[in-house]
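Provided herewith is a single structure, encoded as structure tokens, for subsequent inquiry.
By written order: A, B, C, D and E. Residues from 1 in each chain.
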Amino acid sequence: PGPAAAQTAAPTLNMAVGAPVTSLDPHFHQLSPNNAVAAMIFDRLINTDGQARMQPGLAESWTAIAPDVWEFKLRRGVRFHNGNEFTAEDVVFTFQRVPNVPNSPSSFAAFVRPIRNVEVVDSHTLRITTNGPYPLLPQDMTNLYILDRETHQGVTTEDFNAGRAAIGTGPYRMVSHRMGDRIEFERNEQYFGERPAFARVNYRMITNDSARTAALLAGDVEFIDQVPTADLARLRQDQRLAMSEVTGLRLIYLAFDHHRDDASPFVTDAEGRPIPRNPLRDLRVRRALSMAIDRQAIVDRVMEGAGTPSAQFFPPGIFSFIPDFPAQRPDAEGARRLLAEAGFPQGFRITLHGPNDRYPNDGRVIQAIGQMWTRIGVRTAVEAQPWTTFVARAGRGEFSAFLIGWGSNPEGSHPLRNLIATQDRERGWGASNRGRYSNRAIDAQLEQALREIDDARREQLLIAAQRAAFEDVAIVPLYIQTNIWAMRRNLQHASRADELTRAQDIRPR
Amino acid sequence: MTVYLLRRISQSFLVLVAMSMIVFVGVYAVGDPVEILISPDADQMERERAIQALGLDLPLWEQYGVFVWRALHGDLGRSFVYNEPALQLILQKMPATLELAFGSMFISVLIGLPLGMYAGLKPDSAGSKVIMAGSILGFSLPTFWVGLMLIMVFAVQLGWLPSTGRGETAHFLGLQWSFLTANGLSHLVMPAINLALFKISLVIRLTRSGVRETMLMDYVKFARAKGLSPARVTFVHVFKNILIPVVTVVGLELGSTIAFSVVTESVFAWPGMGKLIIDSINVLDRPVIVAYLMIIVLMFITINLIVDLLYSALDPRVRLEGKA
Amino acid sequence: MSGPTLEVRNLRTHFFTRAGIVKAVDGVSFTVGRGKVLGLVGESGSGKTVTGFSIIGLVDPPGRVVEGEILYQGRNLATISEEEMRHLRGNRIAMIFQDPMMTLNPVLRVDTQMIETVLAHEKVSKDEARQRARDALGMVGIPSPDERLKSYPHQFSGGMRQRVAIAIALLHRPELIIADEPTTALDVTIQGQILAEVQKLAANTGTSLIWITHDLSVVAGLADDIAVMYAGRVVEDGPVSEVLDRPLHPYTHGLIGSVPSRNKRGEPLRQIPGMTPSLLKLPAGCAFRTRCPRADDACLAEQPLRELRPGRQARCIHPHLDEVPA
Amino acid sequence: MSEQPIIELRGITKRFEKKLDFAGKIAKRLGAPVREEIVHAVDGVNLSIRKGEVVGLVGESGCGKSTLGRVVAGIMPPSEGTVLWRGTDVNALTGAAKKEAQLRAQMIFQDPYASLNPRMKVQDIVGEAPLVHGITTRGGFDEYVDEQIRRAGLDPAFKKRYPHQFSGGQRQRIGIARALAVKPEFIVCDEAVAALDVSIQAQILNLFMKLRAELDLTYLFISHDLGVVEHLSDRVVIMYLGRVVEQAPSEEVFARPNHPYTSSLLSSVPRIEARKRAFAVVQGEIPSPLNPPSGCHFHPRCPHATERCKVEVPKLREIAPGHFSACHLNG
Amino acid sequence: MSDVTLPAPAAVKEETPFRRFVSEFMASKIAVGGLVVFTIIALLAIFAPWIAPQNPYDLAQLDIMDGRLEPGAVGGSGITHWLGTDDQGRDMLSGIIYGLRISLTVGVGSALIACLVGASLGLLAAYAGGRTDSVIMRLVDLQLSFPTILAALMILAFLGKGIMNVVIALVIVEWAYYARTVRGSALVERRREYIEAAQCLALPTSRILFRHLLPNCLPPLIVVGTIQIARAIALEATLSFLGLGVPITEPSLGLLIANGYEYMLSGKYWISFYPGIALLITIVSINLMGDHLRDVLNPRLKK
């Protein structure tokens, strides 16, 4: 059946997502589910495609006219849902609002902080001056949703949630919103870009994994995201269903206590006595622990194939991917040898921590790693706990080794700056460097890359810095998650590496 | 009566204060909401700004003081996550939970009372043994497991009922209710049954033991000695007496159902308060947690009060003045 | 005047318990004449209450009437259907229970409990039934019956509750009232009041009464005839004055002897040695044998109720034929 | 009979108050019809009992007999007044002396089923207190308990049994053994035979009298059965709504009752000698102790009541040697 | 005087309350069935290390390559997994036997401790009355309106993870039920004459409380106890479902079920089904006993 037939048959799309949308205010809380919905209602200057590559959005083009000056040419004839025209003033207004959203627990302010000055050249041209050379400005612009100066003057988060202010230029307009339950959308017939396939969308939130799958199987919804890996095999076999998959941008990795020279809190010797020095400071030990892990087995057995073993942040095809750096092969023998070299022929004991409600199968993965480490003589106790308690303790550096994940912007500087770089309050580096890894050489390379406007040269610098970090086992990358959506057979979906689930990506087959 | 109410109110007030303090200290100990809420790539500056924006920079006792001060003015704080008044958030979700709780209570009484009466009147019959053994199943299996089983059978396999969600709603008293539409009602059935299972067992058990004890009372025998029909003896003399414990326990259960239908709500994606509180606990959204508990405590107190009043309506021997 | 209101012949009611068969009533016979008061006395546990329940057919399992005839105006109540029995109960035969605190349903108003009794046996309007209830309350001397009808039992004192129970028994002007120790739980002054009511009643309406008690003094003042029970059997019966003044059976003799007013002040009371045997294993022959000063081997044989004097029967081989208790 | 009273009650008053709590006080301020509820269970009772005497305490249900008994037995402190034990104030004592005084007065309860702990063996019920108080030792325990049980007329072979295995009369004997085991001099019998059958009642009453003779015990015998009291007591005290209305030697009371209440009480008692008699009705309902009538409490039911009875509380006055009565009719 | 010493009541054998209780309990076939099943379960749990084919808590004995094997399959280490394996390659049969152990420890342990705490407080409340009573009962109210999950989270935060901490969480949740029950019956028992008799005998208060009052409040306590054991086991399962239960490497029955829950839609029924059956049997057996206990211990139903 052609698209037209499918459309008349099902003008409404019922879809369910696994993470609740907490706010329709696009500048209130940086959270994937919120961003996905914002991307349906609003637009950004620069959009991203399924592979996280930049595409013209409300800006038709952008160029660096000086190392610290960017010029954006805006699209003409774009109108907000209420008919107001989109102009450069709206962008300026948006930049002003972003840092001033009251009570925001996780604001978007960091994206406008590098901006020193915005100059409106004409109604559809902007010149943005940054504090020093800032190559990441376009990347930052992919995160900011543009509001209308007239409409959104003085509106509050509640106005967005109530629908009064949920007015953008995006492909859908919001019809109704029941917090934490569902949002109903209607197609924006005036949309400047590709016309979405469905006239109405019923966007439901079903947080329980099995319930979401059941809703799809029962036919209550036609499309779901975050397909639980346990159900993959069954869903793949189901003739009525189709899947859409893409390797994402979220790396699951292990972090170690690099911070303590003396005893690390959850490490003891093979007999359970304290060890006065922290073995995890020894590169050989870290290598051994990484080597002991059979990533392919974890991906196959625990993740049911929904992942790609990796030794670095990104999958191929992403800017600053290290081409000749394959995932570590398991080598228990080699690992034992390295341990012996490092002075632990009997191994030692360690507790591996991790969350049990954050990433798919997180609790299972740490158990599997526990098995593998125990097999090379590192007797591992495994402790999983809810993210709520886990993350604060991890942040305070209370653990010796723990599993955690990181979803990157598609640019090596992003994970490097946050996970690897030495913690530095001034520069805002190392925010999530919970193992307190520190390597001055890498810091220097990163600093240089962050001033390099030329993409090719910047990529080389970033590759070198990443390589150095992984060779020093700053963290132990495990695998990159695959994002999976499931739908009725008569639908198709343009998958997205950035995990956003949006109605405009779904079309009848 | 007035004294009784006053006493209840003053005691309730103390309970509220104690509860809010426990929650404040408890949530503080569990973790740091900023760690959970903030984007992981936010730098230190961002973090500090967020901490300040949420008022978490003050010492705990000062935060508590601010809370109390505002609470006395009717403001229970704003949600960290939703940036909406916590009270409003909770009240939005309340109808969903209320109808689920009342639905399940209704089912459990509808099924439990007759079965319990039967089991009590004929304690040695095979039927009553089956009922009693069956009622154990009601609380043997974890709710989440039974819930998914229901979905599998009735939604996925048979396709009789919708799997999850709340369905269409209709306006009534300015709120959205799903029991008023056929579609909404069909959504309500399964979660309500899931939640009712435990209560059905409870009601059966209570009713049975109540009937057995009441049947032995002299006044039942005297009623028979008056020549009343067995039906009148059972449905007037016995029934009204067993209603007393049943109403008490069902009332208290209603409270805990409203408060803690967390698991059922999450399995059936039922957008009620239970899901709100578990979500809020997961992100340590303290204003919502505190406001929620305040409301729950108040609700418990109110339900207790209503139960007591009902109790005295049903049992004329109980005079409220006499109770401590 | 035709025959007696009630004639019980060789009634046996047994309880089939796990521990064994409890022969609570084991061959009881007596007759209640029209308008007469029969006092049924005996020790605690001797089967008085069970006899009463057997008559109105309310013996609960594991108990059962296993033998005997209960002839009420010629009909054998032991064999009629439950439905027929129900129409007699509360209507022609009424019962008043021992404990006034427990006989009225605490959660129903007094009027409900009275009106339902009227409606159970007669098709009358609710208002008429209420009128009847009010009259009955007035009859037993409850002041302002209209208000009292609207009360709950707990708002009444014990004596008033017992009077309500009596009023309920009177609603249909029954031919027979079985009163099971209705004053045992009450004070002497209140007891006096109730006894006065009952007397008035029997005199005015011609109702027959079975008055169950173990208080001989009450029976003395109230009854025409008396039947003494011991261990599930009637051991002696006859007119009140006869039995009390010239008891035949040693048990009756002992019982009367223990009443304090029959003893000299300050001296030890006369007492029956030993205690009531368990109904589960009664000694063979005369059940009183083990406690009886006159017992001998002859008592090992079963004794029938024999007429020893005109109108006087007793179940004893060695009756007190000549002595008069002090 | 010796001269000094073994026990003397002076102005004993016992009130049961339901005080207003904080909420109640506020409600009262707000005009709610609440008030403190006070039951004058015992109201200014004076009584002295000589060694070896049996004093019968008679009255209607709820008139305060048990409460007075409990005060005398030391289970309850009086609200006002003093209990003098051989001339010393019991409440002024402390420590060992107090315990000693407590043990000298014991109580036997009405309900033979409720007054024994169903989960204790007879030997523990009887022997626990003597052991705790050092009256006997572990070694001498068995012998001591046997002796107590035997004295109460039970077979010591049954001391390892539990109360439910005994009949009412036997249970009452266990209660007696328990009281006697701490070697009391004075025993309060609170309706100790009310729950028993006439034939068993006779056994227990005989036991009381035998023990009195053997152990030189003094009794306060509470009952509403005038027949029993008449048989047993040397002196009778009659109470009405918390007050003593008449007090006289036994023969005197039954022969010449003075107070109208006593007369009506006596006339209500059924007697085995009286055949087919007409029962008399005492006028009026028993008043609530919560809200007792003014003046003489009995006036609403009294056939001879005058205006004075409604306002003035009559004093207990000696109208004949040893015969006291509280009635205005006595002039 | 022949009449002073009464003859013995005609009882055949020495009957203690306990013996009588046992004989009455044994009279019900269903209750005995429950007892037998429960005994078997308890023995399985106690002797788990000698019975289970594998130590499911030893990570060294697990291999994820054996994960999710079907019932009856033979794993890499040569063990036949009669009930299949879970995602970690844990033998389900061993997991269930060990899981029973934890579930019973948690259920019985928490019920016992909660009973101890609750009963003492309830007793105190009833005996002392007045302000003590009010304070304790308001605490009970507070507890009953406090969400289990939040309580468990707080304990997790204060004390970290572990079986003992789950027990503590359950105790904190459950003591209030016991306190309420005991107070209720103690209020009645306190007015009995045998308590007055004990006071009259000048026995110390503690003795009166624990030797006289407490034993007479036991029957309702035992009944509540059997129900609460079942409830505690089920509650632990729910906590595990929410990620707040026992450590994941030492799964209880509840955690096994919660783990298998995710596989229920995928056809790998055994991961959740068999532990579910084991839990069902355990709870049913406890409650069959409890139900009958309730009847045996209820004096009003006896004649």
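Simple rule for what comes next: a contact is a pair of C-beta atoms (placed from the backbone, for glycine too) under 8 Å apart; a residue touches a chain by one contact, two chains touch by 3 or more.
Here is each chain with its UniProt name: B, E = ABC transporter permease; C = ABC transporter ATP-binding protein; D = ATP-binding cassette domain-containing protein.
Since the structure is predicted, the reported quantities are computational estimates derived from the model, not experimental observations.
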item	value
Which of A-E and C-D has more C-beta contact pairs	C-D
Taking each chain's C-alpha mean as its centre, the one farthest from chain C	A
Centre-to-centre distance between chain E and chain C (centres being mean Cα positions), rounded to whole Å	51
Centroid distance [mean C-alpha coordinates] between chain C and chain A, Å	90
Distance between chain centroids, defined by C-alpha means - chain B, chain E (Å)	24
CA centroid of chain A to CA centroid of chain D, Å	86
Numbers and ranges of chain B residues touching at least 2 other chains	30-31, 148, 152, 156, 281
Per-residue overlap in chain D, given as positions that touch at least 2 other chains	167, 169-170, 203, 206, 210
In chain C, residues with contacts to at least two other chains	271, 275
Residues on chain E engaged by chain D in the complex (per definition of touch)	3-9, 11, 14-17, 192-194, 196-204, 207, 212, 215-216
List of chain D residues in touch with chain E within their complex	70, 73-75, 99, 102-103, 106-107, 109-111, 114-120, 128-129, 132-133, 150, 153-155, 157-158, 160-162, 164-167, 169-170, 173, 175, 178, 182, 203, 206-207, 210
Residues of chain B touching chain A in the complex	30-47, 49-50, 53-54, 78, 80-84, 89, 92-93, 148, 151-152, 155-156, 159, 162-166, 176, 266-269, 271, 275-276, 279, 281-284
Of chain A, residues touching chain B in the complex	16, 20, 22-23, 25, 28-31, 102-107, 109-110, 156-158, 161, 178-182, 204-208, 210-212, 214-215, 217-220, 357, 386-389, 391-393, 395, 406, 414, 417-418, 425, 427-429, 431-432
Contact footprint of chain D on chain C as seen in their complex	43-44, 141, 157, 160, 187-193, 195-196, 199, 214-218, 220-222, 224, 240-241, 244, 254-256, 258-263, 265-266, 268-272, 275-276
